[in-house]
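Should a chain be cited, it is by its letter among A, B, C, D, E, F and G, assigned in written order, with residues numbered from 1 in that chain.
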């Protein structure tokens, strides 16, 4: 079965754990090479963050579990790459 | 006959299967090197996604079949590359 | 005589043949290395597409013939490169 | 004397010769490596095109002659590069 | 545990220490390869700066301490990268 | 003394000499590797052009003299690079 | 102590010395590899310029002194890089 190579997630999280803690936990998962977390919006209770994970063979269920165990929830799964190589989305006349 | 090297499709799909499942199924097809699926819009019933496939020799009928077997439909075929190399669309004064 | 290296065409075509079929037919022509077809607009009868062809030695008459044999017509020839190398259009203060 | 390495011309031409014919004629000139012609505007009588020529040693008079012999005229000379290398215009705070 | 590879911080600081002093102090921390500080806004009392740190193994607590010991405070942690490689955030259709 | 490596000048010139002649004259100066002249605006009497010169060791006085001997004048000196390497201006939050 | 690798300064200067003179003086300082000066605005008395300096080990006090000895003043210090490598500021969702 083809490997998952990249995931981009829109996530709502409480202030704790911090972006640093969550990034380290995700980067610790097997099959993940690197994680980027960017803050989109923040209010008194929650932070809306964008998470990008890349790796040779990402296990989506493990990513989901780490997010939920930290009291956060996936608002949407915005982008997935699968296969032997990560290919980039191509701009078209319809974009 | 020249090979199909890249396809960009605008697809309407139900929430299940997820982007992850659909990307893996497409990346499993012979002749496909990688697949990117990006979420464009989502409502209660359907998701509008943009699918980019690249490979040495893509079989369009197989791509179509995987999409339809998952209860999804191709809204439009937005871009196709064929030939010995993938060439990029060039911006012109008419764009 | 200098070779034609790249062509960009604005074409009106019926829904059949598909972008895939037309791209493969063009990429099959001698002297063409790769073809990209992008959908610009589509209505019930026709599709307006942008076709980019690259190669060592493109025969414009053959490209024209393939397009016409498929019931399509060239609305405009938007860009041509000729010579030993493909050179890129340069942005100026007048653009 | 320093060589001319790149020229960008804004040209008005009749529909005949085509962009293809004009590009090939210019690319045939000695000292020209490649030619790009882009369509800017077109009406019933004339086409306004942007011509970019690159080469080791471009002879401007020959370029001018080919354009005029085809019934076209140079509306403006928008960019010239001369010297041992082609250097690119640099964006400044005044642009 | 996965390493922190990049941090982007939005910081409020007094005019002293200068951007130069603060950048040097942060770049002196173990595990930091380079620091960029950019001025966003400045009024009579404070400066709002954006700090980017990159390295093999950044210690967030040490970064925090240096910032606080200089009388500055972290307004928000805008971006974190962790893992074996620094991966870049990918633009999606939702951005 | 450090060498001048790049100059960008905003120049007003009469229609004669042409951009081609002026570019060749400047590129002929010792220490200049290449010259780019771009047309910004043109009216019946004058042309406003942007001149970029690059080289190992540009003599500004000679550049100035060539411009003036051709009946042109420097409206402003928009950019200068000096030193062992050409470094690029960096975009900041203040731009 | 970590080295300063890049500085971007917003400076007000009289018309004399010219951008050329000031760039050469700064590029002559030890530890500076290259200098770029760009004109932002100019009126009858002063010029507002943006100065970028890069090098292995920039001495900020010397840069400051050269600027002041020329009758100019630093309006703001817009960007500083320090450390073993020059790292680039990263765009975030907050920019």
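In this text, a residue touches a chain if its C-beta (ideal position, glycine included) is under 8 Å from a C-beta of that chain, and two chains touch if they have at least 3 such contacts.
Bear in mind the structure is a predicted one, so any value in this text is a computation, not a measurement.
K.L.:
Quick check: more C-beta contact pairs in C-F or D-F?
P.N.:
D-F
K.L.:
List the centre-to-centre spacing of subunit A and subunit C in whole Å, with centres computed as mean CA coordinates.
P.N.:
Comparing mean C-alpha positions, subunit C is 39 Å from subunit A.
K.L.:
How big is the gap, in whole Å, between where the Cα atoms of subunit A centre and where those of subunit D centre?
P.N.:
Once rounded, the distance between the two centres reads 49 Å.
K.L.:
Could you please state the distance in Å, as a whole number, between where the Cα atoms of subunit E are centred and where those of subunit G are centred?
P.N.:
Using C-alpha averages as centres, the distance is 22 Å.
K.L.:
Multi-chain contacts only, two chains or more: what residues does subunit E have there?
P.N.:
38-39, 50, 76, 78-79, 92-94
K.L.:
Touch graph across the chains, line, ring, star, complete or other?
P.N.:
If you draw each chain as a dot and join those that touch, the picture is no line, ring, star or complete graph.
K.L.:
Where on subunit C is subunit A touching in the complex?
P.N.:
Against subunit A, subunit C makes touches at 38-40, 50.
K.L.:
Enumerate the contact residues on subunit C facing subunit F in the complex.
P.N.:
These residues of subunit C touch subunit F: 92-94.
K.L.:
For a test of understanding, state which residues of subunit G touch subunit F in their complex under the given definition.
P.N.:
Residue list for subunit G touching subunit F: 6, 8, 10, 18-20, 23-24, 26-28, 32-39, 42, 50, 52-54, 76, 78-79, 95.
K.L.:
Considering only the defined contacts, which subunit F positions touch subunit G in the complex?
P.N.:
Residue positions touching the partner: 1-5, 7, 60, 76-90, 92-94.
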